[in-house]
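Look for chain A in each of the two complexes below; its partner is chain B in the first and chain C in the second.
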Partner chain A sequence: MTIQAKGLKAEEERFGWKLILPAIIIIASLIFYPIGYNVFLSFFDVKLRGPNTYIGITNYRDIITDLAFWHAVWTTFLYVIFTTIGTTLVGLGVALVMVKEFPLRGLVRAIILLPYIAPVISVVFAWQFFFDPVNGIFMHLTYEKFHLFDQRFNLIGSPQNAIIVAIIFNIWKNFPFSYLMILSRLQSIDATQYEAAEIDGASGWQKFWYVTLPEVYFVVGSIVILRVIWNFNKFEEVYLLTDNVKVLSVYTYFKAFTGTMDQGQGAALSVIQFLLLIGFILFYVKRVLKW
Partner chain B sequence: MVVRKKNILKKTGFLLIVLLIVTFSIFPFLQMLSTSLKYQFDWGNPSLIPTKINLEAYKELLNISQTTRNIPDSIKRLLDNPKLSKAQKRAIIKKYEETGNVFPFLKYFRNSFVLSFTASFISLIIAVLGAYSFSRVNYRGRGTIQRGVLFVYMFGGILLLIPLYQMAVKLGLAGTRGGTFFSLLIIYMVQTLPVSLYMLGNYFRTIPFSIEEAALIDGCTRFETIRRIIVPLSLPALATVFIYAFMIAWNEYLFASVFLRAYKNLYTLPIGLKSLFVSKNAIWDRIMAASMLTATPVVILFLLIQKNLVSGLTSGGVKE
Partner chain C sequence: MKRTTTLLLVILLVFLASGLLFAKGEQEKKVQPASIEFWTTETQSDRVSTIQALVDIFQGLNPEIKITVVPVDENDMPKQVAASSAAGNLPALAEFGSENAIDFGSSGLLDTSTATKIINSIGKSEFYAGPLKMLESTQSGVYYAMPYHGWIQGLWYRNDWFKDAGLNPPNTWESIEKAAKTFYQPSKNQYGILVGTKAEVYAEQCFTQIAISNKARLFDKNGNLVFNSPQMKEAIQYYAGLANYNPPGPQTWRARDYYIQGKMAMFFYSTYIMDDLALAEVAASSLTGKNFKELKGAQFDPQLVVHTSFAPIITHKQPSSYGVIVALGIFKQEKAANTAAAERFVKYLYGEDAYVTFLHMAPGGMNPVLKKIAASDKFMKDPKGIFEKYGKKKIEEIIAGLESIQRFGIVEGHLITAYGKIFSQQIIPQMIYKITQEKMDVDAAMNWAEGEMKKIVNK
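Up next is the complex of A and B:
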C-alpha cells in the first residue's frame, strides 16, 4: 500500500468517527452511563435531598424477601407469555389474510396499523369504557343480553381479572407489528413453491404446513424474542390502562416514585429485571434459535 | 354450478374475516369518536351512533365560544350595563375564562408539539451524520458501534428512568423549569436516536455510491456530498424518520410523568389527559374528545408517511 493510500484510509477513518461521534456521545452518556450508574445506585440508600449512604446488598435483600416482589415476577411472567403468544398468533393469522388479493386491500392494510401507532394514552380510555360497569359494551352484552353474570361489575377494577384486560389490550395494540413483519416475509415467498405443491396435490392446510410455515419460521422466532423484550419492559400499556396489574415495571415505578420514593430499591429492582431478561434471552437463543 | 356456488361462499367467508379484522382494529377508535359526541343520557346506549350530536366537549377543549359560557347570569346582567368601559368588561370576562378553562388542552398540545418537534429535529440531524458514517464510511469499530446501537433496544424506559432522574437531580436540572424541559428534550432525543440511525442507515445504502463519486470528482468534499446529494435524495426517508421520531416523543408518558410532576405549566398531552381522568372532572365525553384530539395528529402524520414507514419498520427500525 502506498503512503498516499494509507493517508486516505486514515482520513476516511477520521471522517467516519467524526460523523458518528455526536450520536455516540449522546447514547453513551444517556443510555450506557445511566445503566452503570443504576447498578451503582442499587447499593445505596438514595435520598431525594442530601448524600446517599452505602448500604451494601440491603436493597436486594429487602426485595427478595418481599412477597409482593415475587407476585410481580409472576404477573410479569403471565403477562409476557400470553401477550407474546397472542400477538404472534393474531399477527400470523392477519398476515395470512392480508397477503391475499381483495378489494381495497391497500386501505385495509393501512387501517389495521392504527392500533400500533396511536398514542397509548388516547386508546386506553376507549378500552376502559368498554369495561365500564354502567355504560360499557362488555357488561351490556354479557349481563343484559346473554345473562352470563348475575350482576354488573368492573372487570378492570379487580386485581385478579384486570390482567386479562391488560393482555387483550396489549394484543390489540401490538398485533400489527407481528403482522407487518410476517406479511413482508410472506410476500417474498416464491409463488412457484405453491404451484409445485399444488401439482403434487397438496391441500390448503398442507401448503400452509409444508411451504408457508418453514418460510416464516425465523421471522416468527425473531418476533417472539423482540416481543418478549418489549412486553417484559412494558410500562405505559399496563399502568395507563389500570394500576391493578403490578408487572415489574409498574411495581418499580410505584416503589421509586410514590410513597416513600425508595429509589435505591427501585434501582435494585431494575437491575434484577434486566438480569431476568438477559437470562431469558440467553436461554432462548441457545434452546429455541439454536445459535 | 356447484363449484361456482362454493367459490362464492368461500369468497364471502373470506371477506367476512377481513371485515372482522378491520372491526377488531378500529372498534376502540369508533367507540372513542362515538362517546365523544354523545350526551350523558346516551352513554349507556350500546349503539355507536349518538341519538343527538353533542359538540360541547370539543368546543370546550378547543376553547371555541367559551367566552360567555362559564359566566354566571348575575355577572352577565352586569356586563350589559352600558356604563362599563370595554376594558373593564374584558377584564371581567377574562377572569371567568381562566377559572372556567378546566383542562388547558391547547397549552398541553403546544407543550407536546414543541418538545416532540425539537427533539425529533435534533435527533434527525445527528442521525443523518451517524447513519452516513454507518453506511458509507469504512473504519475499524464500525460494526461494534452498530451492534451497540441495536443493544439499546433491550433497555425499556423503566430501566433508565431512575438513573436519569437521579442524574438530573444531581446536576441541578430537575429543580428548575428550564432544566426540566431541557432534560426531557435530550431524553426524547436519545430515545428516538437509535431508530433514526438504523432506518436512515438502511435507506442510505440504497443510494448508489456512483452518484457521490461523481460529485467527489467534481471537487465536492465528503461533507458537501451529504448536504448536496444524500439529503436531497433521501427527503422522503428523512420525512418518514422525522415523523416516526415525532410520534414516539408525542406518545411518551413515563419520563414526562416523572420529570414534569412539579411543573403543571409544562405538562404534555399524555400526562394532561391522565390527570384529567383522575380528576373529578372525569366526564366520558370530554375524555374521549381529548383522546380523539390527541390521536388525530398522529393518525394524520401516519397516513402521510404510511408507505415509507412500513418499509422502514419491516427492515428493523422499530422502537417500543
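Up next is the complex of A and C:
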C-alpha cells in the first residue's frame, strides 16, 4: 500500500468516526452515563441534601442479607416465569385459530389487539371497577345472580390472590403482542409443507409438531426473551393494579423513592437487577437461540 | 345653677383629658413604614387572589405598610425557610403546618414573644385548646406561632340508622364497636364501618385517633421510642377488630363512596367531606347514577346531609381527636418596624371579616380556631351554602373537635423528628395491613414495626 493510499484510508476512518459521533454522544449521555453513574452511586450512602459518603460494598451487603430482597427475587421469578409462559402459549393458541379462514376474521383480529394498545391506567381502573367487592359486576353476577360464592370478596385486593391477579392481568394485556408476531410467521409458512405432511399421513398434532413448531421456533424464542426482559423490569402494571406484589422493580422503587429514600441501596438494587437480567440473556441467547 | 355649671365643667375637663390621653396613645401606636413578605401555603390561584384582596384592603387601611404575598408549596416550605434563613432575609410572616412551626420555632427562627403577645391579646380562652397546645413551646405559656385554621377527622355516621336501632353516637370504643357490629350485614351488601386497612396514610390517620384515645404513644417527650406498650397493643387489637366490619378486602379513603351510596353506617374522614355529603355535583364522582341507574345508591340522596352526624372526639382512657393545624408564624426580624407591621396584619386577619373570608376559601377544610368565629352567623354563610345545609349547631359541634386535637409526632411541645420518617415510611399502615389482611399475629406485627422504627431512630 502506498503512503498516499494509507493516508486516504486514515482519512476515511476519521470521516467515519465523524459521522457516527453524534450517535455516540447521544448514546453515551443517555445510556452509558446514567448506567455508569448508577453503578458509582451504589457504593455511596446517598444524601438528598449534603455530600454523599463512600461506604464500599455496604449497600450490596445490606441488600443480600435482607429477607425482603430475597422475597422480591422469588416473587419476580414467579411473575416472569408464569407471565412469559402464559403470554406465549395464549398468543400461540390464538394465532393458530386466527390463521384459519372464517367470516369477519379481520374484525376479530383487530379486537384481539385492544388490551395491548389500551393505556395501562385506564385498563387498571376498568379491572378495579369490574372486581370491586361492593359495586363490581363480577361480584354482582357470581354472588348475587348465580350464587357461586357464599360471600362477597375482594379479588384484586386480597393478598392471597394479588400475585395471581397480577399474572393474569399481564397475560391478558400482553398476549396480543405474541399473537401478532406468531401470526405473521404462520402466514408465511409454505402450504405445500402441510400438503406433503398430509400425503405422508401426518395427524393434526404431528403437523403442528413437525411443521408448524420448527417454523415458529425462532419467533417464539425471540418473543420469550423479549417478554422476559420486559416482564422482569415491569413496574407500572404491577404497581398500579395491586398493593403488595413486590417484584424487584416495585421493591426498588419503594427503597429509593419512598420513606427514608435510600437511593444508594436503590442504585445497588438496580445494578443487581441488571446483572441478573444480563446473566439470563447471555445463557438464553447461547443455549436457546443458538446465536 | 352653680353646682350644675361646675359639674358640666368637670365632665368637659374629664372628656378633654381623656381625649388628649387617647390621642397620645394613638400617636405611640402609629405605624412605622414597613415593607414585608407574607408566605402562604395556599398556592391555588383562586386562593392567592382572595388573600391578595385581603392584603389590598389592609394596605388601604394602613398605607404605611406594604405586604407582598408569596405562595410557597407546603412541601417546599422547610427548604425555602432554610435557604432564606441562610441568606438572612426571612419573611416577616408565613403560614405553615404545626409540625413546621415547631421545627422552625425550636431552631430559634420564630419570634415567640410577639406570637405569644398576640395570642394573649386575643385571649387564650377564645381559642380551642387543641390547636394552642400543638403550638406551645417547651416553655409553658409561650407559643411558637399562632394557630389560624385546621381540619378535623372523626367518624361521620348515619344518625337515622342509629336512632332506629336505638344506638348511642359512636364516640366511645364500646359504642363504635356495637354500632359497627349491628350495621354489618354483608348479605345485604351493607357494611358497619370504614377504617383504613390498606398500607396508606389514611390507615395511620384513622389509627392515630384510636391509639391516642387509649393513651398509646410512639415516643415519650424525650424522644424515646415507647411504641411497644400494652396500651398500643390494646389499641391495635381493637382497631383490627373494627376492620372485620369493613367492606371486603384492604380499604382506603376511597371506600367512603359506599357511605355516599347508602351502603355503610359510618366512616373516618376529615371535614373535607362536607361538600361531598351536601352538594349533588360534588357527590357525583362517588355515585354510579350516570351509567348504572338501577344500582342501589346510584343516585344522590339530598337527605344524606341531614341524616349524617359527626363524632369528632373518641373517648376511651382519654378524649382524642385528630387533625391538622395550620399556623401563622412571625419570623425574627432585624427591623422592629417589620415585626410591628406583621403583628398588625395578623390582628387584622383574626378580625371577623378577614377571617371568615379566608376560611371560606375551603369550606369544611379550613375551620376557625376561635370559638366565636365558629359560632358567628357570617361564618355560617359560605358562598356555596354548604354550612347552612348542616345547620349551625352541627357546624359548631364539628369544629369543637379542635378542642382535643393531637398528633403522634408532637409530645408536650416537643417535635419528634424521627416520627416524620416513620410516617413517610408508612410503618404503621404496613403493620395494620399485615394484621388485618395477611392475618399476621399482633405481637409478631408489632415486633416487626418496632424493629423498623428502631432502624430509623438509631440511624
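Convention: the second predicted complex is superposed on the first by the 251 of 291 C-alpha atoms of A that agree within 3 Å, B and C clash if a C-alpha of one lies under 4 Å from a C-alpha of the other, contacts with A are read in each partner's own complex, and residues count from 1 in each chain.
Convention: contacts are C-beta pairs under 8 Å (C-beta built on N, C-alpha and C of every residue); 3 or more make two chains touch, one makes a residue touch a chain.
All values reported here derive from a predicted model rather than from experimental measurement.
By the touch criterion defined above, A:270 reaches chain B but does not reach chain C. By the touch criterion defined above, A:180 reaches chain B but does not reach chain C. Looking at the shared chain after the overlay, A:207 reaches neither chain B nor chain C.
After overlaying the two complexes on the shared chain, residue contacts for A:134 are found with chain B and with chain C alike.
In the superposition on chain A, contact is made by A:243 with chain C only, not with chain B. A count of residues in chain A touched by chain B and by chain C gives the higher number to B.
Of the two partner chains, chain B is the only one that A:34 touches; chain C does not reach it. Overlap of the chain B and chain C contact sets on chain A: residues 134-135. The touching residues of chain A, counted against chain B in their complex, run 12-13, 15-17, 19-20, 22-24, 26-27, 30-32, 34-35, 37-38, 41, 46, 48, 94, 97, 100, 102, 108, 110-115, 117-123, 125-127, 129-130, 134-135, 137, 140-141, 172, 174, 176-177, 180-181, 184, 226, 229-230, 232-236, 240, 248-249, 252-253, 256-257, 263, 266-267, 270, 273-274, 277. Across the interface of their complex, chain A is touched by residues 186-187, 189, 191, 198-199, 247-251, 255, 258, 261, 263, 288, 295, 421, 424-426, 433, 437-438, 456, 459 of chain C.
Chain contact summary for the complex, chain A toward chain C: residues 133-135, 151-154, 156-159, 243-244, 258-260. Those residues of chain B whose C-beta lies close enough to touch chain A in the complex are 14-15, 17-18, 21-22, 24-26, 28-29, 31-32, 35, 43-44, 46, 126-127, 129-130, 132-134, 137-140, 142, 145, 148-149, 152-167, 169, 186-187, 189-190, 193-194, 197, 222, 247, 250-251, 253-254, 258, 269-270, 273-274, 277, 284, 287-288, 291-292, 294-295, 298-299, 302-303, 306, 310, 313-314, 318, 320.
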